[in-house]
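Two complexes come next, and they have one chain in common, subunit A, joined by subunit B in the first and subunit C in the second.
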Partner chain A sequence: MNKAQFGSPWMPYLLLAPQMLIIAIFFLWPAAEAVRSSFYLEDPFFGTGTFVGLDNYRDALSASDYRRTAIFTGIFVFLVSLLSLSIGLMLAVSADRVLRGKSTYKTLLMWVYAIAPPVAGLIGVMLFDQHIGPLVDFAAIFGWDYRIGVNYWDTGITMIIVATWKQIPYNFIFFLSGLQSIPKSVKEAASIDCSSQNRRFWTITFPLLAPTSFFLLILNIAYAMFETFGMIDLIVKDQPGNSPVTLVYKVYRDGFRGNDLGGSSAQSVILMLLVLVLTIVQFRLIEKRVHYN
Partner chain B sequence: MTTLRIKNVFKRYPNGAEAVKGVSVEVGDGELVVFVGPSGCGKSTLLRMVAGLEDVTSGEIELSGRVVNDLEPAERNIAMVFQNYALYPHMTVRQNLAYGLKNRGTSKSEIDSKVEAAGKLLQISDFLERKPSQLSGGQRQRVAMGRAIVRDPAIFLFDEPLSNLDAKLRNQMRLEIKSLQRRLKTAAVYVTHDQVEAMTLADRIVVLNNGLIEQVGTPAEVYSRPDSTFVASFIGAPPMNLLSATLTDAGAQLGDQVLPVQTSLRGDVQLGLRPERIKISQSGSGASIEVTIVEELGATRLVHGIVGGQNISVAVDAELPVPTGQAVISFRPDDAHFFHATTGRRL
Partner chain C sequence: MKKIALSATFAAALVAAPVYAQTEIEWWHAHGGQLGETVNAIAEKFNASQSDVVLTPVYKGGYEDTLTSVIAAFRGGEQPNIVQVFDAGAATIIGAKGAVIPAEDLIREAGIDFDANDYISGVRYFYADSEGKMVGMPFNASTPILYYNVEALKKAGVTPPKTWEEFEQIAPKIVDAGYIPLSQSHSPWIWTENFHSRHNIPFATNNNGFDGSDGTKILVNNEAIKSHFTAAKGWLDKGWYGFYGAGWGDNQTPFENSEVAMWLGSSGSFGGMLKSVDFEFDATYLPYWESVTTEPKATFIGGAALFAMTGHSDEENLATAQFFKFLSSAEIQLFWHKSTGYVPITSAAYDLAKEQGYYDETPQAEVGILQLSLPSGEFSKGYRMGFYVQIRDVMNREFGRIFAGETDVDSAFDVIETEGNKLLARFAKTSN
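Up next, the complex of A and B:
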């Protein structure tokens, strides 16, 4: 950037100020507040807190409830990322092979992405509804008595399916544009060098999609961890406490339903550290990522 | 023996475009045949049908005596060099060269020795562990050639392999391709729109126009006996002069000028004269020319003028004096070509 472009040396800072202000008000301040209160035993009725050091962390990490939630979150994130990435890739590969009606196909698949998360959650929940849900009827054919909000794993599976369903279009779009950015002549050279289409996919197409895949993997992990909040809220809202939730949802539930602000803060600080690690990994990968051509 | 036989091949693309409209041509063993023609004449399409990258609408393609219309590209025993090199960006040069062999189940030691040999032949041994992105355009082109060579194919297919290189490198690589092909004695089809490349590389040239063959012949034949005005103006630089003339007992009548020619033809024709076969002098006998512009080309000069109301250009040795104003031109009567006035076919 050429410095001479700005009349005053303060100009760039002035232009950045609104963004900085937003970051400060909506991220830095609450984050600092969370870190502070994670060391206190807060009085829920706005009294003064008592400094308890790392007690909140110790309590959170040693609670069996926390571990159970962490395990579910791990399974949830793993399955949602894996399923939505692999299904998105599969759809993108078939869409890439379709010659006619490509754009129609694309539009249809992208529609789901245009749906707001709570609405997607609502539709998903309706599909699994005890009385009107077609998927529940479908499961019943196989003798599976599907009970959301009653059976822990039935609820968990619903969450995984709805979250995956919502994320597939996003992955599809990125994979499709990744596929389409592979030069036609490279694919053609490969078709001369290798007769097996399957082998060509794994030796040429897939490695060339690696940058896209890394990027999507990080985004999908972040999505599954944090952005599924609305959908989970919808599914577990009026159910008893025995439903699986993710760590993010637990922060909310412990803090705002359970009024344990200190413990909830400690949990959210742990999550912040997790995000930090994820971000570092992402930057590392971006740095290392081969820039083809 | 014939390596490649293209028999009455048509190609219509799904959008209705007719790219190739009935082409038959053969490539003999060890022969280098160049398909040349203007942009959009269907030369890439024809080559890609040989490679199996495009379906043949009708007609037959025969490689080493076997019809390959329904074979996959990888099953045809061909190797192709693309204009933009089409190297695999995530593989090293060595892996690029080895990829095709590996997929065909060649043993590791044989792959290694083939890759080393190709590396030496193309002087890319020092780059074998690099990725394509770390190579210059010329080096990438060599790798693309190497990838074709290691396969030991029945035929090489080149689609404008040099057009992404600068002029100097292009000339150098052109020579290298030619000597390499001579050495390997492998048949090759080379597609280009550059007539200089076609003339210098080819054992035989196939001139294509609008999906049809205009002429097939050695570079000398195509140059000295063009079958049509299209070939006459496409092959040779500067292009042949094409003048509307009427043949009479006195000679070729151009406006008020009569040029002496030897022919039994009579009536309206297109008269073709190569600029380098015309002599021009300030005075003497011959048709008179009004010189308008002189272009310096280094070794030669291109003199533009008007004869009998029509534009004509004459190539003159740079040593000779520059004619100005009114001058005269002459040529050997058998250097004149006659083409049909409307169809443009050779008479």
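Up next, the complex of A and C:
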């Protein structure tokens, strides 16, 4: 085998440098700053403060609602990822099978993705509004007194629905392109061997989609965990009260609303560690089962 | 050739442009929509009133957003001359010694007369330091009052309640008339902070926190407020009180839709509501418990104040002082009061409103200012606590849990006290 070689041993480092610089400036530096300030209680204006050791971590973990928030975050992330992945996959498979008017279906299914997240949140909030929401009137037909902002789970369900709805088209696009990259010959061979469409999907199509699914799984978990706090803020109308919120929303609330930089940093370091562990687990356990071509 | 002549003319025009050295100052505020337009109108009036200073108002989002932006700007050395900071953020900005110039000092140094007594008593102290020196210039000031639907109360054959005991008497009749008797928009502000003020009960140690953040403890876990919330939970169960969550609008809407007969809201809601409702409404004082006190006191203000930031030249500080002076003038205060519903902050503006007969047409607009002018007590001038946004979050959460039946009143107030004190102790460490 003939391997291409760089003339100078420094060349690869030089070529990597811009990327490394971006990682250093936009990830490593802020992360280090977060770790540093998590050990301090600072005056927000001057950045002067007291070194408090692990107090911020102790206070964050011992807050009476930390457990409740963590449990809701788990449920929220699990359901949003599961629902948006499975619905996205289902729609992609259906759209892939359609022969006539394919592009119309695709466009219709994708365009939610073009809606800006705050607008999506706002539409969701209006659909579920206590006083004017049509979906609240709909629930009332079945005798369900849907009270967003008052009832813990009514609010939680709304958040899960809105977050899922916003993410489905994203998954749909990736699954559809994944499906279209499966060679026609494989599909044809499979349809000769097996007449059950269902069985063909689970034994041939789904394993071949595994790399796409794995990639989407990681992205969806990150989405549900980190990118939904704006939508949550819209749903609780800036006043969380006793509504369910996620861990990231609390980081945002304490840091950006309450100016508690130390406390908010400690919470985000805890989250950073959590996500690190989660990612390692995902790569160790799940990636082994993923076959890249 | 023609071209050269033309550019020469332009150049001459540029050089000859008026060379008055105008001082430019910037004002970051938190008012969008209709209120924002009124803010802009005030800035225009100020710019038109003189030729030395140009004031530019900049809308920075909600109260919290504005505070967060000004902190970031201050750390980058790019703070505006004036920033609007809300009540719950007062401890943060006043606690940051050296970030703001006290309004009183700024005005005096500019050689302008300043007399704290020009300001209405309920307004004067909230943004002052422990010696009573005014640090923030009160801007949009409001206080909680009781609004009522005139027809609903007439149908029920009752008069608006002065006390909560009276409320319990009339509530069943209002229910019979087909209304939910009561809703309320901001439990921490109305039913907690102003509850303490109205009943003259201490709300925190260290002179309600005004004497400094060191060792300040919240005194919210007391019998008076606990029995109030026990009663309120009872009202909710009996259908006398409608709870629509922690959001402001969700609790105001049912009143505007004539589903709720009485609503506890802000005196500043008056201007907007005049336009949004089609029924006759009136307002009265925040009710109190006769069993707790027979001499109810004044409430204090909510809303926000303007703070002059440090780090600017003397000319700019002088310009800021001139603007503060302009803002306190009776004409501007009356303009602000009439267009928004916020109370005027000076007695002169209040007198002018009376003189012009404003309250004969709209008596509701006077309720807030009358309530602020009631006799004040030792503990009625407000509070000063740090990390107060988070403390309010804890209150809202626990109140929501009480009303949802997830917790009882005693445990809820234990949690508010414990977590409140923890936050206060943390805040005290930030200012060392």
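Worth a mention:
Methods note: the second predicted complex is superposed on the first by the 230 of 293 C-alpha atoms of A that agree within 3 Å, B and C clash if a C-alpha of one lies under 4 Å from a C-alpha of the other, contacts with A are read in each partner's own complex, and residues count from 1 in each chain.
The working rule: a contact is a pair of C-beta atoms (placed from the backbone, for glycine too) under 8 Å apart; a residue touches a chain by one contact, two chains touch by 3 or more.
Predicted, not measured: the structure shown is a model, and the values here were computed from it.
Of the two partner chains placed by the overlay, only subunit C lies in contact with A:65; subunit B stays clear of it. In the superposed model, A:183 lies in contact with subunit B only, and not with subunit C.
By the touch criterion defined above, A:195 lies against subunit B but remains apart from subunit C after alignment on the C-alpha atoms of chain A. Once the two complexes are laid over each other on the shared chain, residue contacts for A:254 go to subunit C alone; subunit B is not touched.
When the shared chain is aligned, no partner comes close enough to touch A:142: not subunit B, not subunit C. When subunit A is checked against subunit B and against subunit C, the one touching more of its residues turns out to be C.
Of the two partner chains placed around the shared chain by superposition, subunit B is the only one that A:204 touches, whereas subunit C remains out of contact. Across the complex, subunit A is touched by residues 14, 51-53, 72-75, 78-80, 82-84, 86-90, 99-100, 103, 131-133, 147, 151 of subunit B.
In the complex of the two chains, the subunit A residues touching subunit B come out as 99, 183, 185-186, 188-196, 199, 203-204, 207-208, 210, 290-293.
Against subunit C, the residues of subunit A that register as touching in their complex are 41-47, 49-50, 52, 55, 59, 63-65, 130-131, 147-152, 236-243, 253-254, 256-260, 262-263. Residue ranges of subunit C in contact with subunit A, taken from their complex: 62, 64, 67-68, 71, 74-75, 89, 92-93, 95-96, 98-99, 243-250, 253-254, 257, 387, 389-390, 393, 396-401, 403-404, 406, 415, 418-419, 422-423, 426, 429-432.
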